[in-house]
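Pasting a structure here, questions to come.
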């Protein structure tokens, strides 16, 4: 299904970009819960890092710049500096309404994930402040069933956006998700429609939405709320895609080039506005919130 | 294109239809004799035809989900262009996304439904390998979704209702598709469909494959043919990821609840469209007649609604979907 | 400025399309005024054709399907079947307001073109009927200074569109143009802005515009009113481009592939809705006008 | 980026500036002596600087069109990003057309002009061959125009004024650009700019090259720097087509009337922005200050206008352009 096409005089630009993207395609499998150890090994450069130092550096490797995944709590803390976080729909939990069992019943998966992560599901949403700005903020937890989007995530996003419409607030959502939650089958697919429709309503109300894709943002998540920002932002090196690298490699029967589907690739292909390091993220968000406000 | 002799299609028998094979052979023999003029076999022919019908009725009375999948993917199942030629008049196909390409896996155009101007969009599969290659097996690239959006906006600008006919294994997962923003294209369609100010009816005619289907399927009403499917991932995909074995697709198909009946129970669709005996591929004309009737039935109540009401109606439809504990 | 990029799984589709486009890139230089001869030679297949027969076939070569250029009068006649044509701004003529002289004074060029073509300038616009539909129709004359767009063409288009807004009519414009009229310098460039702004007003008023690109439509004409249809149509084999083939060949220092910038190429690249043979043009227009009306 | 020592730029002397060469050499020698501490040459230095200024004043008092072209294209002339860094605060560059690519020949972003949020778009040239290759010499592809449109629509959605800084030899004429609809992209921008509901000021800072310039230059007010140009085709292009000899560019430049003064007389622009002595490249800061002042002056009266008034204002501005006999 592929051939060589002589194309595009944008090639010089592409060529420069591609030189910059000499990075591994392989998806870095990060053990998500760093245990109470004093020392952590970087998943990218394999250097041993002092936990406290990593923490102080916003969980970015001081040696190689690798951005470790953040929990929703860590994300919120980094952005709000202790401003109160008024959580919305905190009590929603997932339901095994199809009685879905693969290698394990979905009901059991839910319980185990709640136990393991002490999150109720894969997103936390609420109202808070970033800098001088009141905002409606959502942050996903990849540790909760791979950040998969089921009815709870969809509902929480819809409620967050509806609260933003009511209170006339900008919306910011940090995605980190393997896609739709298959255990909820079609109902998970419908969350793409629901969240996108809510964003349509937000837009009709003249309120801005900043989408932040963090590593990884894939599948139906990317193909709905994660790509619909007035401004689309990402952290460096994040995997952002519709079809995952393995699916594509199976389809086209060849290895993907390095850097494929990483933030910088999406920037070069026009899908992201800004790729921004974590340490400049808050400043960038405030700058954009200022723009929308004044 | 529609077949003159629908019975011909039957020959492409699915695995679970094998019991029909022998009876069909007999029917053919009888016909040969009849045509040769040597003997009058018309009574026997009639009887055999009745037996075929009875057998088919029996076979299709209780299809299991994986059998439904087979019917939904049947090579002779009516395609979007088949339905268009049978349901509408004055079809003018419009091409191109005005950006990069014309995607043959997605067809869009203007037409008339009983004299009323409408816009039609839908994924296009083929009836042969050659056609399927040309149509990329009904798997659209971002260009396809952007073309669909362009034509939906055309409809909106001139207040014309939109009909989408959904039949795709999914959006194409390839390098170019990713480079040109498959995710962005589908996401934008979802948001923009929610905001359309015109009546919009979607019909899942065959495979409703995940985001690639949803990308044109946010109608005020979503209907499904009796033997079509709608799912977040293909049974094969689900089996290989969750069941760790692609061969367990049967199990996955059952577990996932992908049939029209399941969708109606879950509130995802508003209506099921009856198929001709033995599936839509057995009688394109009748299938198209049923689909058209259902579209008219569901479109009519939408016509008097205001822009605001149409948007609210669509919002509410999708807003309420989701099952959880609170 | 070029290189080979491995791209696009649309390639099979492209490949099929490309096979179909085995046609000459070279621009066919058509002598525009077929004199009172009984016989005409086809510019494409070089066959000798009987004038009357060619005329009866809408000036399409019966042997090879080559679409001869039409004058505005011929175009209007083919579409309206003798319905009255209420011309707008018929008396406008071009003015050499810059005193522009290249190899010849512009004032002289204008006079000579009027003499030669018996048109006042490169477009005729007016109100008429196609089938059952009242329409605002414009048709360009390539014979008048290569269909170049100066103040007169821009003004006539703007007045046509304003008349359509007033009378609530759809607009159809047949382009055939080498681009902006350089002898009017910046003022010709401004006609791109003027005509496009008028089309914006038409759109705001909910009235449709069908753009028909005929051979050739190039330069600023393509980059303004010729590409802005709700529906973009073209006749087969027409050259339609922004930069002309020679300019591109000079820039990239290589020959262009066959079929480049022809109608079928633009269709494959998503810029045209329909490529339609002249004999089906009227029917297609009526079909589309019906769509917009009912 | 802006230079600390603007005088340094002078060394890149244009042909008609050659008389300055000798005086500059003298100045340099004097400075060397001064810096060595051997003698006090400050009086002589001052005098020589004055001579340079006087000579420059004389040279620039009556530039002919082709000399203006040279100044407009000067490698050290402030680029869009130079102006942005000198005129605005809180610049955030936004990338990408959400379709195909990010075009580095066009820059777009959000910024503040004296505390007011605005959106800025403009073509970007380089100050060196390397930079120019990276920026494609300020010649944008369709992606650039589509990015600009996307960001203009963002501005419109949130009611922010738009500033465009225009500096391009033209839109890029290449295979990919044609394939992806250079004409379509520019045409759509023209129509959409006409319909923008926010105040919009365009400044031609260097080369206003044909449709590629106009594609982002349909402001309610269009301003030009003193030594910038605006034309339907480059003098070289015009010469080679109309004069049948590319070397007759001088003649073409004269015949075409491409200077700011010509544009003001023809009613194409509203104002001319004074440049620092010897051209904007001699003093980026002063040039930026002048441009900023002019933008503020012309933007302020637009701020109270309603959506409808802004559209009407822009329509009338372009509607009236055209000279003919009736």
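Letters A, B, C and D mark the chains in the order given here, with residues in each chain numbered from 1 onward.
The criterion applied here is as follows: a residue touches a chain if its C-beta (ideal position, glycine included) is under 8 Å from a C-beta of that chain, and two chains touch if they have at least 3 such contacts.
Quick caveat: nothing in here was measured; it's all calculated off a predicted structure.
More C-beta pairs in contact connect the chains of C-D than those of the other pair, out of C-D and A-D. Summarising the inter-chain layout, the chain whose CA centre lies farthest from the centre of chain B is D.
Centre to centre, using the average C-alpha position, chain C and chain D are separated by 33 Å. Chain D has its Cα centroid 40 Å from the Cα centroid of chain A.
The geometric centre of chain A is 49 Å away from that of chain C, both derived from CA atoms.
Per-chain Cα centroids separate chain B from chain D by 54 Å.
In chain C, the residues that touch at least two other chains are 1-2, 6-9, 11-12, 14, 203, 252, 269-271.
With touch defined as above, residues shared between interfaces to two or more other chains in chain D number as follows: 98-100, 174-175, 177, 179-181, 184, 188. Across the complex, chain D is touched by residues 6-14, 16, 203, 206, 208, 230-231, 267-274, 284, 287-288, 290-294 of chain A.
Interface residues of chain D, counted against chain B in their complex, comprise 98-100, 146, 180-181, 184, 188.
Contacts from chain A toward chain B in the complex involve residues 1-2, 89, 91-95, 97-98, 100-103, 150-152, 154-155, 158, 180, 182-194, 196-201, 203-204, 219-220, 222-228, 240-243, 247-248, 251-252, 256, 260-261, 269-271.
The touching residues of chain D, counted against chain C in their complex, run 171, 173-175, 177-184, 186-188, 190-192, 194-195, 210-211, 214-215, 218, 230-233, 238, 241-244, 252, 255-258, 262-263, 266, 268, 314-315, 318-319, 321-326. On the chain B side of its complex with chain C, the touching residues are 90, 92-104, 110-112, 115-117, 133-134, 136, 141, 143, 147, 154, 157-158, 160, 172, 174-177, 179.
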